[in-house]
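Naming follows writing order (A, B, C and D), and every chain is counted from residue 1.
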């Protein structure tokens, strides 16, 4: 069944009786050529591109809980490709381009909205760094625009430009950035993958990796053992736990990142705005609630819930640039587990164990990477060579000293 | 979260700054033959377990002690707090 | 509306929501609502109870085993259709109250991700039996829905808490209360009608839930996300149980099998301004001012925020209409005669103890053990991953006493790092640390007349001649007739220069005295902009160069990393990827056409190569107009830069529409041999 | 040669004082201060010397000994020693002899601003400012904590008398925080 305007009209006339299941709930088979561990955005996208772009069949995605229940369902929905370093920018630009064509590609409305993203800066040094970054974006074929304080004032009149402790001195905008309905991304990929024959298996937790003579030949799960040709781990915050089953220690720590939503209000914020003198970012969902966030809580956590000091810090950051939010009520907060890597950049690579592959270390930037992560991981799985935009995302970059450290914080994951 | 400081008693976690895994105490010898692989392991690889975790916190807004906190990374329950200097000595870091 | 709300309006605020009310319910408590309203004089049209065994009343009609199946009215309700065992009836009403019974208030038990459990007898979720340590629930929140049961539960729970705390509580009598009936029989939705409202805020209907099921959004989490059930301001307090009961029914599962989503904080929507408190507008973060702040204000200084500090950027004089005029004058005056600059904000850490020198040897990549007392040395501090962390000068005031300076931005982080090294890495070194940043007001005095100026300030008993107090000397002195001070002969500007520190309470007087003394030589005060210009002219790295990704090698200081000792970061700084032949090197850049700017943030391309990211050769970190040289200059990082002096490269900044040729030169634009420093 | 005149952390030539309702908030500038940190293995010896100087037992963890010469605990084997500014302006030189290399002394006098606060129900006033357990901070106790993002020491000399010591550069912000709290105090 394809979604179309005609289908919507005809279903409306027939009482919507004809819509079928968005994806098929599969029962595990005894063997797959590709087993993708993790039914989040990245895992589902990997399965989809593996089937669609690389023509592979006999693929399973196994998910310990419900599909899309990890970070793809608990983020602030922002997409952008405003990176500085050559190891990152081509990858994220590929991702943004995939977002731009996603809905046609998947035949699913993921509400991709290129409403723009604006990073404010507040010091001369920040301006210099943002110019360097904006130039890197343009040199990589992305878009970037430097805005003056006056331009910002006229476009975003509600920002605090009058009585600010750290006055706004300008901003770097990426007009192609924006937001996407996060849950719909998981559903869209699930539906498209399922239609290509991918088995999506929910409530199936991996309890062990079947490794014989340094070769991974399958997984054991709560729904029985499954043999596999290639086993691909794609579990974000649970990366260390799953890879520990293969005896691997990773350059990753798990940390909790909180996100917040306010009660709904009429359109106020036209795009995504980030504060540069504290950590706060905000956009407005199509339902009207402000969706915002800030720093990770800062200590290792698998708790999917946050702590109050960061709530306070985020609200302070919000009030610093958007003082008109004072009486707006915060409705709900939640936490996701971030696989914070040692340089703030991800890993898409083979492991030292044959046929075992790894995708993780997304820190808190995984959502925007979803399409490119899936495509590049599929490329690696299908061809055993890294995708051209992901050649830097290797395990060995730490021993070689080739870190991709956008923030310059070094090997302290909670600072990235 | 409340951290029960071994000298000062219960204090709000907001007074502290986090560093990471307590294995950072075990800094390798920079002059040893195998220094490079030892430092790569020390600097970059972590157990990152879901469960009991020993980790370093600095009482920045307090007495400036570095502490080793034993905390459960799923429940956040803190079961032990020690002065990092004591732990370091026990682990053989005396000069 | 909810029947409970009608009762609250009536009992608490003496407000009747209508003059003729019907109540549709499945539980005894709703009859109490009807009773209360009746007592207050509101006409009860009927109580429609889905249960065959509904309680009877003398005061109003009760229709047992009945359901409201439709409502009528345009702007408000004026009648309802009721399906009774006897047939369909239309009843005139002005308001309809609905009541599905009560849910325990379990929200707080979910905030640590506790999973509520279904209690079939209660037809509601109750707190998880596996609660976090030290969390107890009593009363209605624990599913004890009558006053007497809640009281009993409170006493039992209090006893349990006391026992768990190791106390031996005396037994407590339970207060006597009424024990009204709370009987309820589940009734989830009216069949035969499509648009039964489930979430009244987000307009989720029975039909939407059935459609979610049809499209495989069957997990309660999917149901919530797909239909937006429970995501409005009540956060599902009125709709969640209903919604998932309908899903369970549709899926042919029990509610226990279907499960529930969990509630997230806050319990009540909370104003963002409340959570932010006073930290807003100018009070967002505290302000740090140096002791000369008031003086600088009097001079009309333009301030800039550097971290929490406010620093004077430049001091405009009459007739100067553009900031560059002021900055150029300050630089020219300093280079020609003498200038005074407030450098109080630099971090200062006192390092004492028998192992102080050995400790600094660990902290800095270069050697400190052999530094003579009375001397200062530049120190470069690496992070353990081999990347440059901070730099500064360490002055040896005594055999066992150093004072270390840090950059303004990194003062807090460096102190924390040094405490880590002291307490955790080398816990038995005899070394003590304390910050003295705020104790001293410190001023740079720079320029050929710096010594002449200081001779008017420093007490005559101290010989500050070049011979007695050479480049990199330091020591305790007195100024202005006995005020304790410290003098360091260090230079950031490349001029003959000193930094002089006095206790902060004298800082205001000191800056006035220094500037007044400088006037005899035509000197002036200079701000952070002129400071920046002079350090770029001299090729000194600062924050833009120490950006967290650069190594000593990149900064042109690779040989400083000693191989003779074990210092923090030395090992990892030697990794292949950081030491390749094409590593970035700090270079100077000057425009081929002297009128061109060389702005920071530009990228560098080999001349003739395509202009794209693949061919990127480096980037500009710091730039300024050099009044000394009469054109713009910059420093930046270029691949193999030290091998490329004299090469013409392409500077590009597509973001600001700049592209032109620049020449790669030494980063030391002014006095490369350092003759001025030692004069 | 010019004479150097001192100014207070708030920038006045004489210490500033405010009265807000029942509260008096006074800038205090007449203490010289030095940190005293025991050298390796000298903790006990330094305590003995401090006891001699203070003429009362040296403060234990979290302790504050008021007096003509006063001291409070700031960290492991570390104290802040304070004495009258007029007499002890060069406080390190004044006490270096008595510690005889058993402790590292560092002048801290001008690193800090100090506000004395007197008035009723200081526990509640301070609970508007910081998150330490004020009821536990009885007379003779000291604690370092954060007040509106400013790291401060809070000393209690009596039920109705506290001292807040904060970084000198943030004197204005700290004063504003205390003043605002006193004004907001509904008691």
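By our rule, contacts are C-beta pairs under 8 Å (C-beta built on N, C-alpha and C of every residue); 3 or more make two chains touch, one makes a residue touch a chain.
For clarity, every value in this text was computed on a predicted model and none was experimentally measured.
Identification of common neighbours of chain A and chain C yields B. Set side by side, A-B and C-D show the greater C-beta contact count at C-D.
Once CA atoms are averaged chain by chain and compared with the all-protein CA average, the nearest chain turns out to be C. Mean C-alpha position of chain B lies 30 Å from that of chain D.
Note on chain placement: the centre of chain C and the centre of chain D lie 29 Å apart, centres being C-alpha means.
Averaged Cα coordinates give chain A a centre that lies 49 Å from the centre of chain D. Under the contact definition stated at the top, the residues of chain B that touch 2 or more other chains are 12, 14, 19, 40, 43, 60, 64-65, 75, 83, 85.
Looking at chain D, one finds that residues 78 touch two or more other chains.
Among the residues of chain A, those in touch with two or more other chains are 303, 399, 411. The touch graph of the protein chains shown belongs to none of the named shapes. Contacting chain pairs in the structure are A-B, A-C, B-C, B-D, C-D. For chain C in complex with chain D, the residues that touch the partner chain are 278-279, 283, 285-291, 293-294, 308-309, 350, 352-354, 401, 428-430, 432, 434-441, 456-457, 459, 479-481, 483-484, 502-506, 508-510, 512-513, 516-517.
If you check the complex, the residues on chain D that touch chain C are 1-9, 11, 29, 35, 37-40, 78, 90, 104, 106-112, 148-150, 167-174, 176-177, 180.
On the side of chain C, the complex with chain A involves touching residues 111-113, 211, 214-217, 219, 221-222, 225-226, 228, 231-233, 235, 264-266, 269-273, 275-277, 279-285, 287, 304-306, 383-387, 543-544, 547-549, 572, 575-579, 599-603, 611-614, 616, 619-622, 652-656. For chain A in complex with chain C, the residues that touch the partner chain are 16, 19-25, 66-69, 73, 86, 89-90, 122-125, 127-136, 138-141, 144-146, 160, 163-167, 183, 202, 262-264, 278, 287, 303-305, 311-312, 315-316, 318-320, 323, 325-334, 397, 399-403, 405, 407-411. Looking at the complex, you find that chain A touches chain B at residues 238, 240-241, 244, 249-254, 298-303, 307, 309, 342, 398-399, 411-414.
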